[in-house]
Amino acid sequence: MDIGIIGGSGYTGGELLRLLAQHPEANVVAVTSRRLKGQDVSKTHRHLRKIYDLKFEDPSPQDIASRTDIVFTAVPHGTAMQVVPGLIDAGVKVIDLSADYRLKTDIFESTYNLKHTDPREAVYGIPELHPEVAGQSFIANPGCYPTGASLAAAPLADAGIIERVVFDSKSGISGAGADPSQVSHYPNMAENIQAYKLTNHRHRAEIVQELSRLDKGIESVSFTPHVIPSVRGILTTAHVFIEKQTDRDEVGRIYNDFYRDKPFIRMIDSIPMPGNVRGSNFCDIGFEVDKFSNRIVVISAIDNLVKGASGQAIQNMNLMFGLDEITGLWTPGVAP
Amino acid sequence: MDIGIIGGSGYTGGELLRLLAQHPEANVVAVTSRRLKGQDVSKTHRHLRKIYDLKFEDPSPQDIASRTDIVFTAVPHGTAMQVVPGLIDAGVKVIDLSADYRLKTDIFESTYNLKHTDPREAVYGIPELHPEVAGQSFIANPGCYPTGASLAAAPLADAGIIERVVFDSKSGISGAGADPSQVSHYPNMAENIQAYKLTNHRHRAEIVQELSRLDKGIESVSFTPHVIPSVRGILTTAHVFIEKQTDRDEVGRIYNDFYRDKPFIRMIDSIPMPGNVRGSNFCDIGFEVDKFSNRIVVISAIDNLVKGASGQAIQNMNLMFGLDEITGLWTPGVAP
Amino acid sequence: MDIGIIGGSGYTGGELLRLLAQHPEANVVAVTSRRLKGQDVSKTHRHLRKIYDLKFEDPSPQDIASRTDIVFTAVPHGTAMQVVPGLIDAGVKVIDLSADYRLKTDIFESTYNLKHTDPREAVYGIPELHPEVAGQSFIANPGCYPTGASLAAAPLADAGIIERVVFDSKSGISGAGADPSQVSHYPNMAENIQAYKLTNHRHRAEIVQELSRLDKGIESVSFTPHVIPSVRGILTTAHVFIEKQTDRDEVGRIYNDFYRDKPFIRMIDSIPMPGNVRGSNFCDIGFEVDKFSNRIVVISAIDNLVKGASGQAIQNMNLMFGLDEITGLWTPGVAP
Amino acid sequence: MDIGIIGGSGYTGGELLRLLAQHPEANVVAVTSRRLKGQDVSKTHRHLRKIYDLKFEDPSPQDIASRTDIVFTAVPHGTAMQVVPGLIDAGVKVIDLSADYRLKTDIFESTYNLKHTDPREAVYGIPELHPEVAGQSFIANPGCYPTGASLAAAPLADAGIIERVVFDSKSGISGAGADPSQVSHYPNMAENIQAYKLTNHRHRAEIVQELSRLDKGIESVSFTPHVIPSVRGILTTAHVFIEKQTDRDEVGRIYNDFYRDKPFIRMIDSIPMPGNVRGSNFCDIGFEVDKFSNRIVVISAIDNLVKGASGQAIQNMNLMFGLDEITGLWTPGVAP
């Protein structure tokens, strides 16, 4: 497969390059950056020196489409909707890593406070929840928080037993991108934890969309994100209130049935930690049933840049091309 | 005031010494450690070199009581109940930093799975919630998590509007003590976050006790702790479900009224962070009202070793002796 | 003492405020910031909420001098030389925390590649090496690296036995200031170490000036700085090549004699660590004699924002006003 | 290749497993641990869940040799010399990751203060410096610090221009192993830096052996290690004093000539950082010539668990079996 990456200077672009370097069928032929046009890709992504000998380009959508089988768009929201139509019209497969095609158009517009210039259906690319990814030619790749949250709660939503759910998520700071800011300034982030958007983070809309698809009767879905002193990883603590008491065995059965034959989901007996999935496409899930109230605490751990972004995009690519979904992604996390 | 510290080799003992070094009325005359008897205190607490010229001792309760006006017991739970009676009988004031006297005896025994050998009433030493601390001669100093959680939710409990509350707490690892373990092993803790005791951490009983004292009608109180890659600090995210919609102004009034004239509580407009209270006795509190459900998200930030342990103990000491509660404690956090 | 701080929005300004809040003779009456004029100081320095009720001002030098006994200038190099003359002319005592007055004028101009508009003598304010600080009215406060390096090697320079010395310094990132940059971006700094200015960092000139004052015969003085994933602290590893073999006892005598009666120097038997001086004005020093070559390895540890900047400035202030140098500074480090 | 790992429960064992999972010719058939015999390997190495379905065994050397083509011994020094002879006698290829066979026997015995029970020649496995690795059947895999230090200075030693060299090395704490200790206790390591063995770390002997092999005339080789708050990575700052002035071009030529056709060495124009090699087998090298003295500062960056241990072992394995040395190792670092 000949591959193009539009917007290759950020973390998700770098991570696509890192992962595709290990993919047996992948051949990256073009990486774009308007700002860095002409510069070595490995000057920005220094860990990729000697691995790639590419320069950033700034081609037209038609040009890049003519040289590739699939294009990943790793550009900011609002920008993707300007780029994607030209690519699709030129007949190339597209996976968009921005937020532009993840939500129903009206929800997108109210959530992002932005008029959508290219309203169009896309399959939402969590393959464990959307087997229809296979064979598609256009995928909206999910947000990092929604991936961790939806995978944690989907089996219970599917079982129809959720009354209310609170997702309290803790993310590494790489999710905020490669540009320095007060939040990511080392003295502000080290030995600290920063909660933000306590009630109305935009990713909440994706979680609501996914869970309500499985169960329309959930009373409320809440989401509160935090950044912790880590580069990678999201730990999602899902506080799930259910309608009636349950027990460990029943919940275990629900998860094991739901995720049977899903290679990247690892149901574990202990409590998942981001440290065990770092750099990998796995999503580790564990849970405990509360004896004090009708609550199940479900914990999921992913690498926000892999299963939460670029790894999942490659998993989608594999399925779009009829490959085994684990192709090029069956690598363990880097631990310690 | 001549002061004794029983069990001075751990983090709470070291923190008492650090803070008392800056207290104008305090004179530490004895620090005990069975294991380190005869060794310089500053060999264990190297930051205290030149500040203290004391050696660890192992005196009898009677002996230490005869030389002091007040004794802090900073020993493990189960040990305090063996030491405290002798001190009280010898007529010295006592502040116990262990868990032994925080809970009603039957709750203690079921929570800690331990027979109590000295059932006895003690005032629970969160001075903002227990003004009766003033003039007492025996105080049970609260746990770190319960301090952050109770201070976050007490005004809403007092207002009688809580339906359910989930405390999702994130702590620095110093709360786990000075002894190395797999959890505190740097390669396991760095770039990671570890949830634990998802539903049944012992500190939950203290939180329930405090909140139900203010409002018997709360449907459920849940508590899930995590350790993050930080030494100090607890951020508590309180997801408070309330019975009916409210707004920012009303909630602001509730907090400002409740904490009027409480010097160590800082109500802030933005979101609190442990980084702003590190090393200090302040508890910063902020909140946001959810427009999607009947939820208020309250965030509190404390230093677990100060307001969550030794600083609060000194605040209690001040009040027991009729001093202004801020005496020796009115120091800003160390930031950045 | 009524105190003014010119340039109070950065880390050294914030640290002056933090430390002066605990100084029994200090009364901060004015803090300036052109950019933040009119804003609450505690909006920028959030750890200082409730401690200070000041707003940033932008007064003239004459105005601030008329209201104060001493002014700290915490502005960038090149700016101080524009502010200091007016203050001195107005008769107020001044401690300049910038680089502008630390070096002989010609050395300053070649090192900073900048014409000096106010060539003027100043005492270099490391009080342990410059007792003449006492009674002065103008002090050039040293750089953070030169403080750690000079204190590590001065006794050996004074003994006249240094042949060559290599200072390999490791600093927390707060030394780079409060403004976000690629270097201080958390994903770039965490789990990493960044060497920079391998041979020609500007602070080298200060170290050379101090050591050559004590011993003109040193063959070479080298300095290589690094930033490590820490907020505060500088560990200086001084690789000191000496002219002939020596032993631990002799070196110990040299240091103990040289630093007799210097309260903030702690000679220790083990190896110093920044973790033991964090937030304090101490400089811990230890050493080991190499049996394989004529080398002594001396390690010093300071807090770059305290002994390396604002704490040392206050120590200088104390001596300028005839106070005991430890006044308001005799606080232990915050550990762990 | 069928592969055995003796001593598979530690970090180097886990890292062998991680890397071999991506090696197209490798098939791990046995992993041993006396203590964990019978337990799932992925219970200890949780990041390897679903990747390996092996249990720890405790077989005899003969047994494991009969089932494998090559055995890695990842056991403590002193233990390897008890295991290796049996393996070699059984005819299997061996790569020993301990210190037992790295040094000439007399140097080993004085350095480790231990009688060697199996004095035997081994090729020292830094392939860039020992092309004779190819085709061997027994390799002593180097220490982590010596790999970073020797690769940094070897070209200059080979050029015969080194007068004196000081290696000031900064390592992540994973080099100290998987067992918790005071040094690795998070509150002691975070926001800190710990120098240790200032003059006589055992790894110094390996560095001396390698450099003196290339140039007998070096006056002194000094080595001072530090641990920094990172899990992985070693940055080596080599302060190389040379006999006469040189310049950037000449030094550049020396390095480029020496490392021509060495795939894992990346000569870079900027300053290397561990963050760019994390998880990979690369060694990044940069340098600067000092204009103030006859000093070159060379910086090398490696991942201590990969190029400093398990990755280099696999590189050696490839060469022993006639494979391209990059087989299974041509993966970029994980950044950020």
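To keep things simple, chains are lettered A, B, C and D as they appear, and every chain counts its residues starting from 1.
Going forward, contacts are C-beta pairs under 8 Å (C-beta built on N, C-alpha and C of every residue); 3 or more make two chains touch, one makes a residue touch a chain.
What you see is a predicted model, and the numbers here were worked out from it, not measured in a lab.
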Most remote chain, CA-based centroid, reference being chain D: B
Comparison of B-D and A-B (more C-beta pairs in contact): A-B
Centre-of-Cα separation between chain D and chain A, whole angstrom: 35
Approximate Å spacing (C-alpha centroids) for the pair chain A, chain B: 39
Whole-Å gap separating chain B and chain D, where each centre is the average of the chain's CA atoms: 46
Per-residue overlap in chain C, given as positions that touch at least 2 other chains: 11, 174, 178, 187, 190-191, 229-232, 273, 275, 278, 336
Parts of chain A lying in touch with chain D, wherever the complex brings them together: 11, 14, 17-18, 21-22, 45-51, 174, 178, 190-191, 231-232, 263, 266, 268, 270, 273, 275-280, 282, 284, 330-336
Complex contact set, residues of chain A against chain B: 164, 166, 168, 170, 172, 187-188, 190-196, 198-200, 204, 219-222, 224, 226, 228-233, 235, 237, 239, 241, 271, 273-275, 278, 287-295, 297, 299, 336
In the complex, chain B residues that touch chain D: 11, 173-174, 178-182, 184-187, 189-191, 229-231
